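Presented below are the structures under discussion, each in the form of structure tokens.
Both complexes below contain chain A, partnered by chain B and then by chain C.
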Partner chain A sequence: MHPRTWVVLSLCALVLALMPLSLAARVVLLLAQLTLLVAAGRLRGFLLFVGVGLGPVALMAFLVQAVSFSGQTVLASWQPFAFMTFAVTVEGMTYGAHLALQILNFGTACSLLTLLTTTAGLRYALNSWKVPSRLVFLLVASLNAPAQLIRYIRIEQEAARARGLDDSSWLARLKGNLKIASTLFTLILLDHQVRGRALDYRGIELAGQRVFVRDYPDSGLQRVLRWALPLCCLLVVLLHFGVFRGWF
Partner chain B sequence: MAGFKLSDDALKAGTRILLVGGRSSGKTAALNAVAERRADAVLVSGEASAQLTALAQTVAEEISLGIETDVPTRADLLHAVETTAETFGISHLLDANPLTLSSGQTQLVVLAANFIMNAPALLLDEPLTGLDSSARRRVLAAIAAYPGAVAWTSTRPAAEEKDAATRVLEVEQVWGGEFVSGELFGTVEPRSLELDSLAISPDSRPARPWRRKAVAQAVQENLNLHLEPGQVLRLVGPNGAGKTTLLKTIAGLLAPVSGRLTVGGVSPSAVPTESRLELACLAPQNPSHHFLASTVEGEFSLGAARRSTDAQRDFLLEFLGLNLSLETHPHDLVPVEMHLLALATAAAARASCLLLDEPTGRTDARGLQRIIELVRLYTQAGGSVVLATHDGQLFDTLAGPVLELS
Partner chain C sequence: MSTQATPPSGQRFSAQAENLGKHRDKNHSKTFTIVMNVLGALLIIGTYIFTVIYGAGANDMTQASLPLMSGYLVGALLLLAGNVSRIPLSALALIPFAAAFNIVLGQIIGFSGIPLYLDSIATILVGYLAGPAAGVLTGVVTNLAWGLTVNPTTIPFAAGAAVIGLLAGYAGRAGLFKKIWTAVLAGFGTGIVAGFIGAPIAAFVYGGGQGFGTGSLVAAFQATGQSLLAATTFQSLLSDPLDKAVAFLLVWLIAAAIPQRVKNQFLTRR
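And now, the complex of A and B:
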């Protein structure tokens, strides 16, 4: 799909993720996003993101609400100390599920942007909408930052292996990774300085219309979708805030 | 410290100025001064991989980034990119990911990305570092044909480089220095290196309990070699041929795709780290990616470098001219000193096989001599050396078998 379509899809998903939807609606939104990721062949990358970051955060949010929300229907309770009572309630689990799904939906919407568009595609899309060059660079560089961090981590880990740092056990590897953390930071800063100068020379922040090497195929259906989706999102928002109450 | 001064009058369209000097002669400082003074100058300096924007998926996008606002149509952009790529001999890389290229290829991409902008003044810091002879000729031809002014630095320029310049500013370099006794260097366990129908790939990482070995596409196949202790193998080939990949495979950082590779009968990629570093140790081409400590002295307290005694470490540091920089952060060293420090820590590991990847990049005459003598000391101590190089002086000075990767 055209980069503009992916950007619109992910922005709409972001808006919907922040809306106070019903549980069923949240599940449908999550499944719809997962379907897009599967169709684009990027589910593995997304699952890695879920496993490392998104999943634990969502799970923690669910658990906290499940045991501490003041609900009426108590399923189980536990009092580790006299002043502390944990009660798993139906209301707590429901609220926790809402929060967890909201976190998952938000993170998945961000993944649609990072996993389904390349940095070049994102630059193309944002430039075609006449977003200021400096803002384009900031957005693209930010989204590209995790990939760059992973690249630098691999460079430092290879250096550690080449130098013979102990990796005979998980504890030794952990100590080795902590040791390389400061040099990793130094290397990133130094390269960032050189890269910043190079980007300046290349005119990355120059205003004006840009011509790109790659041309992305577009279609009438995608153009319609890029209008229809935001309108539908707007409709959902307005409906939620009761703008059309009393019309029907 | 001698100094170079480049006036704006000297940098007129069509001038080609070559600055020649050794360590700390002020070549880079002169270019930096011009870059600060002139808003229309473009300076290409620093690690090539750091100069990639990391915003491009392909080499074509990387090269085109600087002229996206200058050309009216996509056809014009593509024509400019293809012409520039042809000039630098990297047309076959236009669809490649810039972050997966070899060091020499990356250097060519960075040069192409800056040449295409046709800035009035182009300042290049050691632009020929790490390039094979064909690539060097192409870059010099591009310099000669550049419409604006070009000033570039070189530590040890070949005749063709001086011929390409309209003016050469030179600080005399000091050769010579006494031969140093190798007694303090100690001995190295002698082991022979064997390659038998070896195929290598940069994507072939050794299998681990938590990671199975990936299926990798070989970049070189059917490599055969027998290297005895005390020998120096000179590894040559064009940029991107797989020299660094071969060195990393010998070091055990990559696994062979197929075939056999042993040092003293043992496969380096199949043994634990401690044992692996007894077999082979690599001094990488990009030393800034190699340092893990916050001081020069600290680099010798990490990993296999601890195998050397304090006396042996002090000998290495003094021999390579780093003994006055013990408290210096490795990243604060000048590029030639970074190369020497990486070499020193690799030599301190006292592995049977010392692997050097382009050790003389940006090295001045004295540094080159020291490296040559260190290689001799290492082989006399019982070790073997595998040396990947485009440096003609280094290649001609050292004797031994040659393995050419095509």
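And now, the complex of A and C:
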């Protein structure tokens, strides 16, 4: 699909993820997003996303509410101190499940954007919407920067090994990595003017539409989808907040 | 494009001759920057007040997730839009790497089990070196990039990160990084503000479950009869001031090791 379609789809999913939906609706939304990821062949990348950040936070949110929410239907309780009562309640577990699904839906919507769109695609989409080029650079370069930084660190580590520096123990490796980090940071600070000059030569400040070497195929259906999805989302939000109450 | 003559190969550009990003092609008015910054700040403050008022009476806090996230994210994006045209291109080129440092360090600290975040060191350093506007941009971009590359749970905290960069910038301007104790105190104060801003997100979006340690604290506070928002606020006020005090202390140490030549480059344009 066209990068603009993925961005719109992801933003709509983000809005829906944060809506106060029923448990069943949240499950359906999660399944719909997962289906998109599976269809695009990015389930493995998503599972990594879940393992690193989403999963533990969702689980913890459920557990915190399951044991400390002040519900009515108490299943078990524990009072370590007179002023502190932990109670597992049905209401707490329900609220915890809502929060856990909200977190998973929110993270999955973000992963739709990052796993299904490349940074080049994101740059294309943002430029075509006439987002200021400085802002586009900032966002896209920041998405690329961690991988670039890790690559520099690996090169430095390899060079340190080639020079025969000790990396036999974790303490030696920690010391070596601290040195590498401080060297890289100083170099980046020293070279920031040169990189700024490079951006200037590339015409970042010039006005006008950018022309990209790679174009992405678009279709009438996708164009309709890019308008219909945000409108549907807006409608759902307005309906929920009672804007149309009394109209029908 | 640049109107300056290209210096001979290998010669560094002097800080005094630097005029990158002074907007030769388009004049961004100062009024635009002020309006965007004021709107962004008002939106963040207004959203915070709304959530506090709402959270006092509500039992199901998922009702406020969308207004809270919209208010904070739009506020952060207004701050981003207001400041992005203000800073020199050289500072703009520095921000992605500063964000990457924050992400890599924050992720390592997160996995290590150390009860701190330390994910704003580069934000504070850029704020100190290049001023509040650059600090704001580094904060927002760090959380957006971190959320979109590794961990989506960081995105909602972009507004808090912007405020950290802003306060670090003003702390640098006020000369608070000259002495170790003023730097630590500035960090402590920044942590209190960041704690208050981050608490509604921790409550309404994450239910207090952002980590084992912090989640346990929130559960304990809730078990004493506190509301979820009060519990996450207490937890934030326990961990954020300490974390930011340590981060400001580390920046004070790093700043002492930065070559004077680099500091001078920033001083001429801050």
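Throughout what follows, the second predicted complex is superposed on the first by the 179 of 248 C-alpha atoms of A that agree within 3 Å, B and C clash if a C-alpha of one lies under 4 Å from a C-alpha of the other, contacts with A are read in each partner's own complex, and residues count from 1 in each chain.
In this text, contacts are C-beta pairs under 8 Å (C-beta built on N, C-alpha and C of every residue); 3 or more make two chains touch, one makes a residue touch a chain.
Small disclaimer: the values here were computed from a predicted structure and weren't measured.
Student: Could you tell me if A:Ser168 is touching chain B, chain C, both of them or neither one (first, second, both, neither)?
Tutor: In the superposed model, A:Ser168 contacts chain B only, not chain C.
Student: Quick one: classify A:Thr114 as touching chain B (first), chain C (second), both or neither.
Tutor: In the superposition, A:Thr114 contacts chain C only.
Student: With both complexes superposed on chain A, which partner does A:Gly203 reach: first (chain B), second (chain C), both or neither?
Tutor: Both partners, chain B and chain C.
Student: Does the superposition put A:Pro132 against chain B (first), chain C (second), both, or neither?
Tutor: Second partner only, chain C.
Student: Mind telling me which of the two, chain B or chain C, contacts the most residues of chain A?
Tutor: C
Student: A:Asn144 contacts which: chain B (first), chain C (second), both, neither?
Tutor: A:Asn144 sits against chain B and chain C alike.
Student: Return first, second, both or neither, reflecting whether A:Ser68 touches chain B, chain C, both chains, or no partner chain.
Tutor: After superposing on A, A:Ser68 lies in contact with chain C but is clear of chain B.
Student: Quick check for you: in the superposed arrangement, does A:Met1 touch first (chain B), second (chain C), both or neither?
Tutor: In the superposition, A:Met1 touches no partner, neither chain B nor chain C.
Student: Does chain B (first) or chain C (second) touch A:Thr186, or do both, or does neither?
Tutor: both
Student: Tell me which partner A:Val88 touches in the superposition: chain B (first), chain C (second), both or neither.
Tutor: In the superposed model, A:Val88 contacts neither chain B nor chain C.
Student: Which residues form the common part of the chain A surface touched by chain B and by chain C?
Tutor: After superposing on chain A, chain A residues 137, 141, 144, 148, 182, 186, 190, 194-195, 197-199, 201, 203-204, 206 contact both chain B and chain C.
Student: Can you list the residues on chain A that touch chain C in the complex?
Tutor: 15, 18-20, 49, 52-54, 56-65, 67-70, 83-87, 95-96, 98-100, 102-103, 106-107, 110-111, 113-114, 132, 134-135, 137-139, 141-150, 181-182, 185-186, 188-190, 192-201, 203-207, 237
Student: Mind pulling up the chain C residues that touch chain A in the complex?
Tutor: 1-2, 12-13, 15, 18, 20-21, 23-26, 60, 62-63, 65-66, 69, 80-81, 84-85, 88-97, 99-101, 103-104, 107, 129, 137, 141-142, 144-145, 147-155, 205-212, 215, 218-220, 222-225, 231, 254, 257-259, 261-262, 265
Student: Once bound in the complex, which stretches of chain A touch chain B?
Tutor: 118-120, 123, 137, 140-141, 144, 148, 151, 155-156, 158-168, 179-180, 182-183, 186-187, 190-191, 194-195, 197-199, 201-204, 206, 208-215
Student: Okay, in this complex, where on chain B does chain A touch?
Tutor: Residues in contact with chain A: 42-43, 45-47, 49-58, 60-61, 64-66, 68-69, 71-74, 76-78, 81, 99, 110, 113-114, 117, 119, 251, 253, 272-274, 276-277, 281-282, 284, 288-294, 302-305, 329, 331, 345, 349.
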